[in-house]
Amino acid sequence: MPAGQQQKHHQVPTYPPPESEDEESWVWSQIKAEARRDAESEPALASYLYATILSHPSLTRSLSFHLANKLCSSTLLSTLLYDIFLSSFSAHPPVCAAAVADLLAARHRDPACASFSHCLLNYKGFLAVQAQRIAHLLWFQHRRPLALALQSRVADVFAVDIHPAARLGRGLLLDHATGVVIGETAVIGNNVSILHHVTLGGTGKAVGDRHPKIGDGVLIGAGATILGNVRIGEGAKIGAGSVVLIDVPPRTTAVGNPARLVGGKEKPARHEDFPGESMDHTSFISEWSDYII
Amino acid sequence: MPAGQQQKHHQVPTYPPPESEDEESWVWSQIKAEARRDAESEPALASYLYATILSHPSLTRSLSFHLANKLCSSTLLSTLLYDIFLSSFSAHPPVCAAAVADLLAARHRDPACASFSHCLLNYKGFLAVQAQRIAHLLWFQHRRPLALALQSRVADVFAVDIHPAARLGRGLLLDHATGVVIGETAVIGNNVSILHHVTLGGTGKAVGDRHPKIGDGVLIGAGATILGNVRIGEGAKIGAGSVVLIDVPPRTTAVGNPARLVGGKEKPARHEDFPGESMDHTSFISEWSDYII
Amino acid sequence: MPAGQQQKHHQVPTYPPPESEDEESWVWSQIKAEARRDAESEPALASYLYATILSHPSLTRSLSFHLANKLCSSTLLSTLLYDIFLSSFSAHPPVCAAAVADLLAARHRDPACASFSHCLLNYKGFLAVQAQRIAHLLWFQHRRPLALALQSRVADVFAVDIHPAARLGRGLLLDHATGVVIGETAVIGNNVSILHHVTLGGTGKAVGDRHPKIGDGVLIGAGATILGNVRIGEGAKIGAGSVVLIDVPPRTTAVGNPARLVGGKEKPARHEDFPGESMDHTSFISEWSDYII
Amino acid sequence: MPAGQQQKHHQVPTYPPPESEDEESWVWSQIKAEARRDAESEPALASYLYATILSHPSLTRSLSFHLANKLCSSTLLSTLLYDIFLSSFSAHPPVCAAAVADLLAARHRDPACASFSHCLLNYKGFLAVQAQRIAHLLWFQHRRPLALALQSRVADVFAVDIHPAARLGRGLLLDHATGVVIGETAVIGNNVSILHHVTLGGTGKAVGDRHPKIGDGVLIGAGATILGNVRIGEGAKIGAGSVVLIDVPPRTTAVGNPARLVGGKEKPARHEDFPGESMDHTSFISEWSDYII
Amino acid sequence: MPAGQQQKHHQVPTYPPPESEDEESWVWSQIKAEARRDAESEPALASYLYATILSHPSLTRSLSFHLANKLCSSTLLSTLLYDIFLSSFSAHPPVCAAAVADLLAARHRDPACASFSHCLLNYKGFLAVQAQRIAHLLWFQHRRPLALALQSRVADVFAVDIHPAARLGRGLLLDHATGVVIGETAVIGNNVSILHHVTLGGTGKAVGDRHPKIGDGVLIGAGATILGNVRIGEGAKIGAGSVVLIDVPPRTTAVGNPARLVGGKEKPARHEDFPGESMDHTSFISEWSDYII
Amino acid sequence: MPAGQQQKHHQVPTYPPPESEDEESWVWSQIKAEARRDAESEPALASYLYATILSHPSLTRSLSFHLANKLCSSTLLSTLLYDIFLSSFSAHPPVCAAAVADLLAARHRDPACASFSHCLLNYKGFLAVQAQRIAHLLWFQHRRPLALALQSRVADVFAVDIHPAARLGRGLLLDHATGVVIGETAVIGNNVSILHHVTLGGTGKAVGDRHPKIGDGVLIGAGATILGNVRIGEGAKIGAGSVVLIDVPPRTTAVGNPARLVGGKEKPARHEDFPGESMDHTSFISEWSDYII
């Protein structure tokens, strides 16, 4: 691993976790250790850290508590939301595993992400995505009014608007996140990074399946607008401010308004190592420019 | 009506209302029926639905209650806002009629709009527009500090920033709405659809009348920026991400940064049926691409 | 001073303050006078004006109170934030002086800014910047978790996301402000005006110093995206919706996606009068188009 | 009027109001004048005074606002209560008149009552009684669950527990009020004064009409307990800490546990002037000992 | 059953529950039916009834939710309390059974108790006792600071102050409840009724076991004060306002300050039927005077 | 020190503090140590303990924060109260010293007082007295409306009603405190203990100085009512439930309704050691019966 890469990830603790531990436990123990350290060094924040992290026995309880307090309103009480989040997480372990993957994604890809607890507490993109994962469950349990109410609270509180029916992969990073809009029939693969003000929208020509399909390992720059049922191939990159109305082949970059393609990768040979769960994917991303803020 | 159209609007109940009913009563009865159905199927949401809709005798009371609870803060109490909204609606029936028109617009133009109550409760664009309509009244009653305080609360809560002096037509749809900015001297016609991140701004060259004038039936795509006292003709369309500094003739499309015109409609013959209050306008809009998300 | 200029600034009270008064006292006395006038003419707002302005003995107490009540949450209490803001302002007078300069900037450059108190109470850009100035102090006092918590609250409440480590000059105007994102190593000079949806981001190629450097007196239009460690020279102008990946020389305009330079000023002769603290800088800005909304 | 009397009432403004004014308008104008004076002399309280009094056009709106904000909870929103109070007052002018009579009672009988606004804002006894008057209306409109919910909120917030069905006369003073308990079939005449910890309870022997009947002009000392369907004659006095299980004749005093009668008034000659609306009743009360705190 | 008794309990549904149902399920089904009926007849309360009762699957969840929202504060969040209540109830079924017994006690003994849901929602005595039962568990789990914090919240919110270590029997009715104080080493048997302002206190002579022991089926009238480690025998009655410093034999009445004994029951023959869980105990109590309000 | 005494005070740490420390610092260090221990053993309470105690640099800041959050309402914001409390404490060190003396009094006299932090956080009597001390300052600074507003908040929140003008000595213990009412011209000496439901009221015969004067070291039992400008001599004791209308000589006990004197102390020889600041006073109090709960 080159020195720069080393420097970039300098704050990330040794990974993977010891054999004896599962990923969630390991991340949760990191989060508690970080929060304990911060609570000691910053008494003004200790109350907040105990309330949100240190008083909880697990990541899902901490996350349920934090989301419930962020998203509650005078007419949607925190205890109600807390119940919904807790029972959804406990009935659907993959949703919790996806949250862990998202935490790892933020921690490894975003140089401004100082710690797992920083992401858990402060990243509105992370929190919006977890709320959507719950809303997604509710949507397909035919609890649509509740799913839409959650979408609305997330849109108010975080200015992130993701339809409950959209399908989101694991390891998703919404960096900064303000203004992201993702439509009903959009599908996002694994290990995708999306900057703020990105739209995955429809074109109005169709009524049914009308939103973009984003492949694994895709990077979408700030302010990009992708419209219609187009395919963005795995490992592709969409430049900041682009307006994309056409398919983008795998490992290809699209830029401009309207977007044009500016050269795919010559050697898709190492295809197998970019989209997966492996950390190599991260080094692959680090070759790209203009996506990290 | 063609099959596709039929499918698109499949969830919209029979319209127009029976002769014996006015439009507001009809929409309100739809909303109550929807809320009653949702409260029955989803006990977790019933409290919210009763508080916001089912305990109220009219649309304006429900809307006043909902807006007051959304926009209140620790220094602007909900009871104060509720008073202002209620008395404004009762003294100005056209403001309520405009809200009804906006509900119909969302319901008929946005395929993701599942019901009237969904729009009333969850659409930040709808709520922001109604708050602006009230602020607009206050502005011209020389209650400007109060109007500006409302604008500020809407900007904080919904991330939608519309100057109280801007003039908004009926049947306005702000879809997703996050990031919309509309300046002081902007004028928007009837039956206009505006996506998120759209700016109707000034150019700094003038001090007085310095913002765009948007004609009836115009569609403005996500992220479009229109600057200066330019005219966007009726039925025109502004592509997503465009930067428009010039007039756009009626029924013409402008795209790109800076925007160029890409062909007006050959036959303005059927001009009479696109901008009006009629539902035919909707089918006209459905010919366009790229505006629905 | 030409008539237009006169008209534009018609509402700004005589400036500079009398010799016997410092700038902060003068602005504060203006704010109190405005609030008193508004409280008298609008009883519905009087409670709010007393709570936020008229009950306070100084600008910093008023601002601390207002920010604390805006940014508090169920897990970050207003009294805690109030303490932090008050003690930061009192220990760091330049932070308060910068707030005064920002108030003057909004008042003189934005024709929609009706009064100083309007800016203090309602401008989310102004409030977000002051919160960042406090977070910046905390960051360099090695209270990083607290600084990041503040950044997060500002991102939630105002949809403005400025890293605590970013260095912001005096006289900064974030107009409308929704969606502004400013990265960790960004530097902004004095008397800069930035519209909403502007990004000062990184490119991912570098890990350390990776964000733009904005010179004095620069104007950045709505939705512009500037990426990487590039220099935007003093007095330069970035057009709305531009995507800038390269250096922009002083007094030059960049527009488009990707941005191209469209003619620097021929005569940098009067260089001395544009970036400084002087009000002439404002008249200089008023020559530009497309930045005011 | 003797000097002592004069001194006692020294702060009470000239009464009755000028011929041209009704009692409610006169009291309301006094309250506004007091609040205006206090807001000027105490900026820290001005926001509170504007919110509760000075921003309202009438006593009933001010009282509805104040009660709604005092009695609301996370599950009974202030806007809901505000609606109920406002509509009850406007449909039942005698309820408002009774509130005015209660304000006059507190002002004239309690030497610690500094002003009408002091009573309106701060007297939990006054506020509890007004809430009960509304609950009483609801009870007899067959809205019993709502009436009981109001009783419960008053019991929580003010520690005053009055059954909605109890009938309360005008000019009622609950001084200090904490711990007062009044049962379902109790009846209280006009111009009665009741200190804190007083119980008007049942005996369990009967199921129907089982609580005390209190005549006009009665005074009940702190901690007195009156049980069963007994009659306390007009102008009688119950000593502090007494336990009363028997009828008490008019103008007689009962003291002790169990209470014994300690001498009725020899001359009921001037009977006609003690219970009525007249202020003479007050001078009559002032002959008694041990009831004012 | 005599006619009077019949009348007294006229609103109580048929009891016991059908064989196929346990007591908790039966009471819970009654509560839901009552709430459903009230929600239908009173839309203004429907939101509250859904939030507190109708959206919950069980009595313990409803009670946990309601207590958490009543007892939470700005520094003790509702979600935290909700967690504690829920986990305590689910780990200790007898605590839930005691709550059911308390509901039945209120419903059968208090003629003003209109329904089970009325007691669950509105009786501060009922709610205070349930909170103490939880605090009692925590106290003996060596979580004393938490138990004391709960005691404090109950004392603030309900003005009922029961030490977490006190041992409370089943079927306990605190009627009105305001001002009840029960000390650390007090013990209360089953089926006891206690009116408001009752003190079970210490005398200061002893440090260890220093508070009263109350036998089964005892009735303590309003304002009674019982001090020291004295025994109040089963079925005894303490008159309102009494001050008791001595033992009171079973089925004996004590009245006065200081209290004297006023005749035990001649025939303790039917001893077996008064203290137990049986409903006959209620008819026994109904012979007494002066305790019901 | 006898064994019983030893046992009673077993949890009280060594006193007095080391020579090098002042009393306030010593008590504050004890409080922090207790809170730290509790936060470690009870994660669910850690957030609360950090917010109220551990994040604060001094007792007065902790107390100001805690009172502000307890007493705030939707119309009296916590930041406003916090400001008032903080500035009062810092301008009046004796008020803080009195709070310390009150903490010591609770800790040494009340066997149920487990720790200083328990008293600081949970004793409504302690908190009500500190709020009154602040209100007392405001009263004599001619800020009477604010003082009365504070009295009202304390009466609502703690059910303790002490007029701001009443003069309270140091080392005051209001045990349980619910229902305590203390009138305008009452004076209370040092080291007085008052149980709940105690009234120090007026008799209505006088208008000016009309409330009781309580000497040093007096103990007043639960529910006692003392009316009129009578003197309760130093070291006297008033029995629970007494009604006192006459002077009580020093070191004498009064009991009953109406109260009679039951034997003064024969040997006032050791007069010098009972009322003072010394801890011997406590052992003196421990000779009494019936006051501790």
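Letters are used for the chains, namely A, B, C, D, E and F, taken in the order the chains are written, and counting of residues starts over at 1 for each.
Keep in mind that, in the parts below, a contact is a pair of C-beta atoms (placed from the backbone, for glycine too) under 8 Å apart; a residue touches a chain by one contact, two chains touch by 3 or more.
These figures come from a predicted structure and were not determined experimentally.
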Problem set entry | Shared interface partners, meaning chains that touch chain B and chain F | A, C, D, E
For this session: In contact with chain B and with chain D at once: which chains are those? Just list them.
Result: A, C, E, F
For this session: Select, from C-D and A-C, the pair of chains that is joined by more C-beta pairs in contact.
Result: A-C
Seminar exercise, completed: Across the interface between the identical copies chain A and chain F, with over half of residue numbers shared counting as same and under half as different, the residues used are same
Seminar exercise, completed: dist(centroid_CA(chain A), centroid_CA(chain E)) in Å evaluates to 50
Problem set entry | Euclidean distance of C-alpha centroids - chain D vs chain F, Å | 30
For this session: Two or more other chains in contact with one residue: find those residues in chain E.
Result: 44, 47-49, 51, 55, 69, 74-75, 77-78, 80, 83, 159, 178-179, 197, 223, 241, 257
For this session: Give every residue of chain A touching chain F within the complex, in rising order.
Result: 39, 43-44, 46-51, 54-55
Problem set entry | Residues on chain F engaged by chain B in the complex (per definition of touch) | 74-75, 77
Problem set entry | Touching residues (chain side chain B, partner chain A) in the complex | 4, 7-8, 38, 41-42, 44-45, 47-49, 51-52, 69-70, 72, 78, 111-112, 114, 118, 121-124, 157-159, 176, 178-179, 195-197, 221-223, 239-242, 255-257, 285-286, 288-293
Problem set entry | chain D partner contacts - residues on chain F that touch it in the complex | 73-76, 80, 83-84, 142-146, 148-149, 151-152, 155-156, 159, 161, 163, 178-179, 181, 183-184, 197, 199, 201-205, 207-208, 210-211, 223, 225, 227-228, 241, 243, 245, 257-258
For this session: Could you please specify the touching residues of chain B with respect to chain D in the complex?
Result: 47, 51, 55, 61, 65, 68-69, 75, 77-80, 82-83
